[in-house]
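Could you have a look at this structure, given as structure tokens, before my questions?
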Amino acid sequence: MNSITSFFGWFLDPKRRGPLLIAPAIIILLLVNIVPLMWSLGLSFFKFRANQMKPPSFSWFYNYEKMLTKENIWESLQTTGIVVASSVFIQMILGFALAMLFAKKFPLRKIILMLVLTPMMLSYVAVGIFFKLFYEPEFGLLSQFIQIFTGEMYVLLATPAGALLGVIVADAWQWTPFVMLLSLAGLVSVPKYLYEAAEIDRISWWRQFTTITFPYVRSLLLLAVLFRTIETFKIFDLVYILTNGGPGTATETIAVLVYRMAFQYFRTSNSTALGYILIFIVIVLTSLYLYVIKKRESAEI
Amino acid sequence: MSTIEIQNLTKVYGDLTAVNQADLKVDSDEVLCLLGPSGCGKTTTLRMIAGLEPQTSGEIIINNNNVNLMSTRQRNIAMAFQFYALYPSLTVSENLANPLFADNLSQDHIDKKIVEIAEILQLQDILNRKPHQLAEGEKQRVAVGRAIIRDPQCFLFDEPLSRLDVQLREKMRSEIKEVLSDLKKATVIVTHDQLEALTMATKIAVMKDGFIEQISTPHDIFAKPKNTFVAGFIGTPQMNLVSANLEKQNNENYIFKVFDQLIKIKIETSSKLSDNSNYTLGIRPRSFEVESEKSEHNIAGEVDLIENMGAERLLHMKTTSASIRAVISRSLNLNIGDKIFLLPKEKQVHLFGNDGKAIN
Amino acid sequence: MRKRAIGEAGWGWTIMAAIVGFIYFFPVLFMILTAFRSRMDTLATPPKWFFSPTLENFYHIFYRSTAGSTEYFATGFHMYFFNSIYIAGVSVLLALIIGTLAAYGFSRYPLKGNDTYLFIILTTRMLPPIIVIIPIFLIFRLTGLAGSYTGIILLYTCFNLPFSIWMMKSFFDELNTEIEDAARMDGSSERSVFFGICIPQVKAGLAATSVFALILTWNEFLFALLLTGKGTRTMPNAMARTIGGEINVDYGLLAAMICFFLVPILLITYVLQNQLLRGVTFGTIKK
């Protein structure tokens, strides 16, 4: 009897509670991620092409070196950077603005909110295909709309800038609801009586925003930026469907490049290395970001 | 001149009438306490005066201006909230300064006022702390400070002391009272604690289920309750309310049948009482004297329970149907089971009719 | 000035919100209309706004004929639909439960390497699917998980965990622990503190996390493509099959599928909206 209770006691010990709570999550994540990680990381140190019968040969950093010195990598990075920065920026501004719109209770709020949330519920494939339809010079809506003014068909995706814009708009449109939802959850968690006190104190709207609203919303906004940035770096499906990386390589984001390398050119190990370079960049950016946030938080307390 | 007046104020939430045709008047340098049990509508009334709740019907007049259509901001009133509602991201001094920005004062002026208020409420040491670093009493003082730092039309306090412990409460009570008398503006305080109301208010309005039962000075609320609810609500220990049937009357002497006993009480009243009707007698526990012999003026019973209240004791006397409580001094030696007799002191018996209303 | 309680607005606001909402919703509207259009109408120039609606696209979801023949065959669509619901539902639920518990652990019982653990958890999201798809595929094959429900559900749970954890931790961090401490002193068990006090306050976080995780999982394509088998295939897969080559995309059919596929998510989101929009009314004061 004693040994059984002491066995359970071991589990229920307050000191162990923390680890026990997080253990299941960590275990699953490790299980599912670690082997693929090891495998592909390992592969990046070998020379291997999937369409040749040669066995992989160990080559240290050959892949990485090759990747880092080819110019279109940097071009790719730049493209990816532009897409991520622009799209996330638009999402944050629009998302927060929309959230403020929905933060008040008004009739029909729920229904209208659903309207705005729908874009996020579509798959990348759906968004890609239909935006492609919009952008179609012959019977796409955009072109037809512009034709009213210029009388000529408009091909958005023909120019590098246009293609980028097309991708950015599609992505931002799809994911702004995400930022909106997070912001809304934050806005709505502000206790009502703080606003009442602010009314009594006759505080200006802007002051209310900076001193009451923003501190509550801040952590969620941070979360939004973080996740959207990470996700957008990986963007593939949308770009692939819309422009296939084109025209030329104008919209070839890193993920598209990786795909091409791996499945079009079968430079398997190269692509793995490239993938890890991408991950590395994201890790660096994210850590920098988190570090800055931490510093700010501790400075305030 | 600072006055508050509400006329016929009503608030209806669906089926529930939270406030039912309330009428009040508060002059400057008057402190009105809205007193009552939870759910009686006092906070709702306060919030309507503040403009935080739109009223269903009725007029709200502040300083002789009808403010019905004015927003909270325009009404220019100060309010201290029950949950303090301090701005969590600002320091104490920033919290205090916030209300003053709308008045377009110079920074110097604002700083001076902060120092002034800090002195009155003893906040000097905590000016740079944030709300989550403060103790309850400190938070309370900051909330009050934020209200009094301004020069508003009037003051509203929502349960200002409800979250403090007893000692702190006593201290704050006197502090706030002092501050309020200096400010000389119409003030409304909401509380469910009668001691608070009795000590801080110049007028008390007792509310129940949305209705204002009585508005009087603290003295009159205690000495001349208008109905059984007010009588039972005010005063600790609670007043004894016993039902009585009038047997006979002769001039000022009335003989009531109470608990199968007949007692003769002298009552001065201008109303006519009818024989054989039911009335309610209200006698406060402190209005009894203990006697050792039965007379036609006292009630007989047996000691059931003696509660120790510190300086005094509360005696529960059992009769055939109910208990009567009386406050007795510590020196009186009684045991459970003793037969005693309680004599109501002269002129300290309240009479209420069948409808609960007082009979003068 | 009209008097209104703070935080509420009237029809004027509604109109403004409706206009904004409609503009934002427009592309989706177009898609929905396409679902009801015949092929000809979709590609018409100038765009035909008024057309006679047809249900043939929806019919085609379930019964189709191959090009050239007139025979219709059932597409077994309901299976895809069911699979999507089942897989997404279970994995989101799992991610929610495990993730919330972990978030609570990280928030209330911080360990020394807390930030590191959290960061590592975050990095699992940074892996581009392309890279890990092959090794995962191989492993699944090896362990026999390929084509099973367990495998894909496990994978999806893993995808949803990082967001779930980070989001819920953020909410738990914001709670005022005084109430919990008071309850503990009153003798409540840890379990009742957690379920009775903490969880109700973070409902908005739970709702948001569920919505996002559901959407992500519901629409996930790449891994579903490779890791589901005959009995477990999901909707995105089915949709992809209709695209085939890029020429002659049957927009109508695709639109119909998308609309159909949207419905469950719309329903759940609508239901969860209540939790999402319900703010914390009193008591929890931010630290």
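The letters A, B and C name the chains in turn, as written, and every chain counts its residues from 1.
Note that contacts are C-beta pairs under 8 Å (C-beta built on N, C-alpha and C of every residue); 3 or more make two chains touch, one makes a residue touch a chain.
Computed from a predicted structure; not experimentally measured.
**Q** Per the contact rule at the top, check every chain pair and give me the one with the most C-beta pairs in contact.
**A** Top-ranked chain pair by contact count is A-C.
**Q** Among all chains, which one's averaged Cα position is nearest the averaged Cα position of every protein chain shown?
**A** Ranked by how close its C-alpha centre lies to the overall one, first comes C.
**Q** What is the distance, in whole Å, between the centres of chain B and chain C, each centre taken as the mean of its C-alpha atoms?
**A** Spacing between the chain centres: roughly 54 Å.
**Q** Just the number, please: Cα centre separation of chain A and chain B in whole Å.
**A** 59
**Q** Please report how many Å separate the Cα centroid of chain A from that of chain C, as a whole number.
**A** Chain centroid spacing, chain A to chain C, equals 15 Å.
**Q** What residues in chain C touch two or more of the other chains?
**A** 6, 282, 285-286
**Q** If I count partner chains per residue in chain A, which residues reach a count of at least 2?
**A** Where chain A meets two or more other chains at a single residue, that happens at 191, 193, 196, 199, 215.
**Q** Note the residues in chain B that touch 2 or more other chains, in rising order.
**A** Where chain B meets two or more other chains at a single residue, that happens at 51-52, 71-72, 83, 88-89.
**Q** Sort out for me which residues of chain B touch chain A in the complex.
**A** Contacts found on chain B: 50-52, 71-73, 76-79, 81, 83, 85-90, 98-99, 101-102, 146.
**Q** Applying the document's contact rule, which stretches of chain C touch chain B when the two form their complex?
**A** For this pair, the touching residues of chain C are 1-6, 282-283, 285-287.
**Q** Spell out the residues on chain B that touch chain C in their complex, using ranges where they run on.
**A** 51-54, 68-72, 74, 83, 88-89, 131-132
**Q** Flag every residue of chain A that touches chain C in the complex, lowest number first.
**A** For this pair, the touching residues of chain A are 17-22, 24-26, 28-29, 31-33, 35-37, 39-40, 98, 101-110, 112-126, 129-131, 133-134, 138-139, 141, 144, 173, 176, 178, 181-182, 184-185, 188-193, 195-196, 199, 215-216, 219-220, 223, 226-227, 230-231, 233-234, 236-237, 254-255, 258-259, 262, 271-272, 275-276, 278-279, 282-283, 286-287, 290, 294.
**Q** Once bound in the complex, which stretches of chain A touch chain B?
**A** Residues of chain A touching chain B: 191, 193-194, 196-204, 207, 211-212, 215.
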